[in-house]
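In structure tokens below, several structures.
Paired with subunit B in one complex and with subunit C in the other, subunit A is shared by the two complexes that follow.
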Partner chain A sequence: MRRTLRIYRRSLGAHLRAVLEYEADFWILVVAGLLFQVLNLIFLSAVFSHVPALNGWSFPEAVLLAGTYGFINGLGPLFFEGTWRLAGKINHGELDYPLTRPAPVLVQVVSAGIGMHGIGDLIGGGAMIGWGLANSDIYWSPLRIGGALVLLAGSATILLSLIVLGNAASFWVGGNHPVFAMTLIRTGDMAKYPLSIYGVAVRAAFTVLVPYAFISFFPASWLLGKESAWIGLLTPVVAVYCVYLARLVFRRGLRRYDSAGH
Partner chain B sequence: MRPYLGLLRMSTRRILTYRLNSLILWIGGATFLAGSLAVWHALLSQGEIGGYDWDQMKAYLLIGWASGAIGSAYGDWWMADRILDGHVATDLTKPLDYQWARFSEHMGGLATEFIAIAIAATAIVTFTGGMVVPGPVQALLFTVSFLLVAPLKFAITYITTMACFWTQNFMGVSWAKDAIVTLFSGALIPLALLPAWLAGPAAVLPFASITATPAALYLGQATGWEALRLLAVQAVWILVLWWGARLIWRRALRALTVHGG
Partner chain C sequence: MSLVEARGLTKIFRRPEKDPGLRGSLKHLVQRRFKEFRAVDGIDLSIEAGESVAYVGPNGAGKSTTIKLLTGILVPTAGTVRVAGAEPHTDRMVNARNIGVLFGQRTQLWWDLPVRESLGLLRDMYDLSPAFYKQRLERLDDVLGLADLLPVVARKLSLGQRMRADLAAALLHAPKIVYLDEPTIGLDISVKDRVRQFLRELREDGTTLMLTTHDLGDIEDVCERIVIIDEGRKIFDGPLAQMKDRFARVRRMHLQLAEPTPAEKLAERLPDVEVVAGASPTEVTVTFDRFTHTAGQVIAAVLDVVEVGELHLDEPAIEDVVRKVYAGELLR
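And then the complex of A and B:
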């Protein structure tokens, strides 16, 4: 386990150094990431200047929700960006290299890149979380702080697992671009708004089928003491399930890999 | 003309080769549209906001989504890739106008885009019960302005993509452009609902011609001379950006570095 972590850290570090060679690109990506969070904020503030609440969610609460979603989404590019290159690797037969090296294939795949736009997401999302928390009515206790951190870790685990799961679909879908994963993750963008605004079908699908709702909605509901807040406490369980599923699908997919035949 | 039509056909075929890819991407776009419909449905359940009721907002969101979808084939990524890996050098040796050639490539997606828009419109009419229908004059004005969206978006995308002559990474540039276009075109939220400090720049920037103009014509918010003025603004922006792009192109060529041979 320690060795695996070390390999992950070294590989990610190498890519970080490579990316930092291009300073202009670094700033462009950070700003681009930040811009998308600012867009969310502009949308919410424009909307809430005309309505007092969105299905029982006040402006600060909605900002907290969108900020959490943005923050969690920033972790993907920073720590799992390499996963998005899996489709290209399969398509070009480049998965041969990780397969022959003495380290877990999945670790080599996820650490094979780093996306600096994640920093913009973390800054933007983090600021939104901070502002949302400061302006929401939350009764703080050590237990609540601890719980919030555990749920945040669970949310992050779920999203990262979904990224692996979606990209592992490239073993079956084929093609050079991870379109399945892009669709899977983009659909989750609907979870940056309170889930209660959607129809029953979407709510059910986002809870049971693909647990987007556990990335931000249920944890935030628990923190804010919304209706059926207890569901938020299931986040770590869902996270464990997602990790298991992602591992399983990746391994199944890896068995299908047949190189490009050079 | 013939070589450009050939490029257009080639680009269409290229898109159709990866049918599954395109299909999945369109499904992603559809869920985005469904998401915004749900958000606005919840927001408008207590009454209209800024002059938009649910029926008008439905039409607005569809037009916003359609104007985002049209002319958005992979043309910019192909161009960016060829600049970044140096293949642009062979494009330069071809007896074609570079800008017209890229325009033809960008328009290769139009056929599939129109089909997708038709499907989305049908789905919305079916599942949400009807759609605002404009009178014949407004419908004609809308059609003209919607067709002008494609060259306008091309000009903006083309100018943005030329950033690849100076930076190594197209993704960030493309995203930043998307964010700015989404905000100032009215695709994020109708421009009338933006705070004043954003509505001001939105009114003078070219992006409003992408979503706000066709929507205003469709919904009948702009009629008569005002409608013609909006169309004229759209046309002028296309010309300005088209020729502006040629100026930038001349400078960009000087920044081009291709290693090896």
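And then the complex of A and C:
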């Protein structure tokens, strides 16, 4: 495990150094990520200029929710960007070499790139979380701070697992672009608004079918003491399940891998 | 036990069977039909440690698929493989430490990274000690001229430079067995020579080599044993010299005659033998099957007609043999 982590870190580090060679590119991407979060904020404030609250969620609380979602979404490009290239790799038979190296293929795939717009998401999302927390009515204790951090880690794990899961579908779907993964992850964007505004079907699907709601809604509900707050505490359990599922699907997929040519 | 042991190795690919055009594609969505394609069909292969084997066959014969089965990239449909005691596709990690792989058509270098970073990542994956890594780099630099390439980003390398860097990447961990899939493809003569020289040195160091190639120079320069496959089946496996004996039936003798003699006159004395007039009236070329005629018989027959000044015999070229195999002539 330690060895795997070291390989992951070194690979990511090498790509980071490569990206930093292009300074202009770096700044453009960071600003782009930041702008995306600002757009989210503008949209939310437009909504809240007409209504004082959204199904019991105040403006700062909604900002906290959207900020959490944005922050966690920034982790994907920063730490798992390589995953998005899996479809192309399968299509072109580029998993041949990773399969002949003594390191887990998943680690080699996941660390094969880094997306700097993730930094913008982290900064923007982080700022929104900070402002949301400062302006919400939260009862703080050391236990709640610890709990919030555990849930945040769980949320991040869920999203990263979904990214792997969606992209691993390329082993079956084929094609050069991760269409399935794109759809899967972008659908989750609905989870940056309070889930209670959606109908029963969406709520059920986002909780049970694909647990988007555990990426931000349920953890935030727990922290803010909303209705059914206890569900948020299930986040780590859901995270473990997602990791298991993602690994299983990736492994099954890898056995199907046919390379290219013959 | 041999270093590489394959028994009844088979790989069947499933290909969608579609009628042409959009209509065919739509029909396939509803009514899925697949056609099976046997890329590798029951191949038995044993390679001893230290051997250098050329794996040869026409395009689509199943060469690359065999390499992918032996390296653990593909899971065989049937049959067994053992490489240094490990089953490649199940003991992938164990196998990976024993082998080095190069696919000449593709690079294993990280596209956006300088060569140095790629080699550094491989060092981490193979757990090479700093001292060992340094020593290997120096050794590889000696033979491949690596030093100039280290700071260059992989995508900026020329094909020849890329191949040198890729060879270094494949051999960094001093693997027991090296699989090379077309290691000289697209290279110019001077780089080709350098790569072959390097492969010979590797062989002399005791590394086991298996290479697929269309370049017959690679085979004669590097390999002692040749395995020919076609349509997924092995059709010859033995020493290079034996292959020439077995398949190079046709020999060619060039004769310098004492006086001008028409080819037809000689042909009368040599039934079943092709006699062609040369550039001048005193030159002829005789082509005969060495299983039906000996060189002595041919010379004797010619001497009955005319004195012979000089003669020389063409050695059977491996190129001719392999070309015939490719053309399907030897299978009939």
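The criterion applied here is as follows: the second predicted complex is superposed on the first by the 261 of 262 C-alpha atoms of A that agree within 3 Å, B and C clash if a C-alpha of one lies under 4 Å from a C-alpha of the other, contacts with A are read in each partner's own complex, and residues count from 1 in each chain.
In this text, a residue touches a chain if its C-beta (ideal position, glycine included) is under 8 Å from a C-beta of that chain, and two chains touch if they have at least 3 such contacts.
The structure displayed is predicted, hence computed values, not measured ones.
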Which superposed partner A:Ala112 touches (first subunit B, second subunit C, both, neither): second
Touching partner for A:Thr100 - first (subunit B), second (subunit C), both, neither: second
Contacts of A:Val179 with subunit B and subunit C, given as first, second, both or neither: first
Which of subunit B and subunit C A:Ala14 touches, first, second, both or neither: second
Subunit B versus subunit C as contact partner of A:Leu39, first or second or both or neither: first
Subunit B or subunit C, by number of subunit A residues touched: B
Which of subunit B and subunit C A:Val51 touches, first, second, both or neither: first
First (subunit B), second (subunit C), both or neither touched by A:Arg6: second
Touched partner set for A:Val200, first subunit B, second subunit C, both or neither: neither
Residues on subunit C engaged by subunit A in the complex (per definition of touch): 11, 13, 39, 60, 62, 64-65, 68, 71-75, 92-93, 96-97, 99, 101, 103, 106, 108, 110, 112-114, 117, 120-122, 124-127, 153
Complex contact set, residues of subunit A against subunit B: 22, 24-25, 28-29, 31-33, 35-36, 38-39, 42-43, 45-47, 49-51, 54-55, 116-117, 173-175, 177, 179-180, 182-183, 186-187, 189-190, 193, 197-199, 202
Interfacial residue positions of subunit B with respect to subunit A in the complex: 18, 20-21, 24-25, 27-28, 31-32, 34-35, 38-39, 41-43, 46, 49-50, 166-169, 171-173, 175-176, 179-180, 182-183, 188-189, 193-195, 198
Touch list for subunit A against partner subunit C, complex: 3, 6-7, 10-11, 14-15, 17-18, 93-97, 99-103, 112, 255, 257-259, 261-262
